[in-house]
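I have a structure I would like to understand better, so I am pasting it below and will then ask my questions one at a time.
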Amino acid sequence: MRLRLDVSPYAVPASTFPFPPANPAYAERVRASFARQGAMRLIGAELIAVEPGYCAIALVPHADVSQQHGYVHAGIVSAIVDSAGGYAGFSLFPANASVLTVEFKVNLLAPATGERLVAEGFVVKPGRTLAITRGEVHAERHGKRTLVALMQQTLMVMHGKADE
Amino acid sequence: MRLRLDVSPYAVPASTFPFPPANPAYAERVRASFARQGAMRLIGAELIAVEPGYCAIALVPHADVSQQHGYVHAGIVSAIVDSAGGYAGFSLFPANASVLTVEFKVNLLAPATGERLVAEGFVVKPGRTLAITRGEVHAERHGKRTLVALMQQTLMVMHGKADE
Amino acid sequence: MRLRLDVSPYAVPASTFPFPPANPAYAERVRASFARQGAMRLIGAELIAVEPGYCAIALVPHADVSQQHGYVHAGIVSAIVDSAGGYAGFSLFPANASVLTVEFKVNLLAPATGERLVAEGFVVKPGRTLAITRGEVHAERHGKRTLVALMQQTLMVMHGKADE
Amino acid sequence: MRLRLDVSPYAVPASTFPFPPANPAYAERVRASFARQGAMRLIGAELIAVEPGYCAIALVPHADVSQQHGYVHAGIVSAIVDSAGGYAGFSLFPANASVLTVEFKVNLLAPATGERLVAEGFVVKPGRTLAITRGEVHAERHGKRTLVALMQQTLMVMHGKADE
């Protein structure tokens, strides 16, 4: 396996994803959990895709999520890509487990602005105790996508801890 | 120099900070810049201390900044410690420079809950082009402080780019 | 652009790489610089591929680069992927610039063992002052590749500082 | 608790360290494990201090650990601070557990050169499954210490896996 740069939409055939979900109801679980995140609602983030080991979250830039120069705040960019990575991992977890971010690292590559930001999380390595993901945030503008953030993340599988 | 664990309040004598500010109006500049961050206002964050190479930002946990288990969202914790680190760096910058987060890495150590979260940023190494900071977030509860997050961050000094 | 998991060899057609080199002699420069790295020689690392924005370094595991369980030491794995990322960036730099690692973050995903380790660095975003790369280390064994490490790195372009 | 910058030697009173070791023979275990790391022997690293939740490793710069400009290679600096952090964590583990680096992030702050490099690891948060450490590398020269690297690391406690 190798990570390669590629053009892609947000709807990806499920066959693309190499990791089988442990729970057939993975998409419903992710959506229900996302709906309980007050922070995602507050900033206006929307869950736009869930696949096994993959999640995409969109955010339309607005003044209430800005930093001092008017771009979307690095912390808000980080929040959506942290959630995207977390739910990418969670989609593969068994039914009785919830997810915790152990740590993540994010590089900010370009000003976060445009018509829409899309944060995507991808599982790189699922595991019994830990799952490793990577993430990307693209800004969409005039039909073009610009990479604005790159993330690498470690998640913990919290066995025996229901999500709700 | 060495980083040591220590008990401390948020008001620290200025002599503690080894880095002289390039701009005597550093505190006013940080406050004015923070006031322009829509994202900090939206989540309810408050700037509570600025010193040369140091900044503290507080947040009272509430449902609108929560993740699915009711704790403060890792992304929101990251947002306040990113801002604290960024303004710690910015406090040392010359008057005609603004600040950009190049990247940061954060470990989440304990559930972010309690009466108040306080994120602190500390400059470790100021530089002409880059500044390196570290950060901590503590949860305050019943007079006790618990370390909930630890950060390490790289900032860029944007010379010739006014902050407003 | 999007980072995707893919099967790949180490010889990749140059057309795959989206970033044009600023210096036509990029491959010779990378090879000459690598040859001056005493550390790479000491551990037995070999430069096996250079393309614009890409570099691959191989290491045959042996007892002298081991940790306490006999696998290749995480620090040695980090050293080859740091060099691979650094030279991926350097391959795009102008002739009068050298390269410096500002920071990197690496996740160790599986025991570093097998017939050969191959560390690859990929430029994600070249820039005038900073370049961002990501890296992977695979272990080869019985014709199979296992991802053993994932890296994200920030490099600095040192203008006016010749490499030798 | 708060991390503070401070001047310090490498011999620190044990009372400084807030975490009790689970195994009274912690120092012998760390030394025996370090002695099995072929990589540390190859590069010439020496274990100079072990305390509960703390470890220091020294390296005298020489041409065989250099990068292309003659300084100690970033990957070698990372290797000693990864080991220092790992053994800081391991010193607190129970007798039947070994240690694994999950991930680390390191900032390189100044050229790694001088009479001696000293890498120190400090446990920030011990845990049943994971331990979080931070690390520093200083260069010693003419009686002065310069901070050359700053690290943040996640370790895994491998229960039931003896170290040798």
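We call the chains A, B, C and D, going by the order they appear; numbering starts again at 1 in every chain.
Following the convention adopted for this analysis, a contact is a pair of C-beta atoms (placed from the backbone, for glycine too) under 8 Å apart; a residue touches a chain by one contact, two chains touch by 3 or more.
The shown structure was predicted, so the numbers you read here are calculated from the model rather than taken from an experiment.
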| item | value |
| --- | --- |
| Per Cα centroids, the chain farthest from chain B | C |
| Pair of chains joined by more contacts [C-beta pairs], A-D or A-C | A-C |
| Inter-centroid spacing, chain B versus chain A (mean Cα positions, whole Å) | 24 |
| Length of the line joining the C-alpha centres of chain A and chain C, rounded to whole Å | 27 |
| Inter-centroid spacing, chain D versus chain A (mean Cα positions, whole Å) | 33 |
| Junction residues of chain B - those touching two or more other chains | 102-103, 105, 107, 154 |
| Topology of the chain contact graph, where touching chains are joined (line, ring, star, complete, other) | complete |
| In the complex with chain B, residue positions of chain D that touch it | 1-8, 18, 105, 107, 109-110, 120, 122, 124-125, 132, 134, 136, 138, 145, 147, 150-152, 154 |
| Residues on chain D engaged by chain A in the complex (per definition of touch) | 102-103, 105, 129-130, 152, 154, 156 |
| Chain D residues touching chain C - in the complex, by the definition given at the top | 33-34, 36-43, 62-69, 72-76, 78-80, 82-83, 86, 98, 100-108, 163-164 |
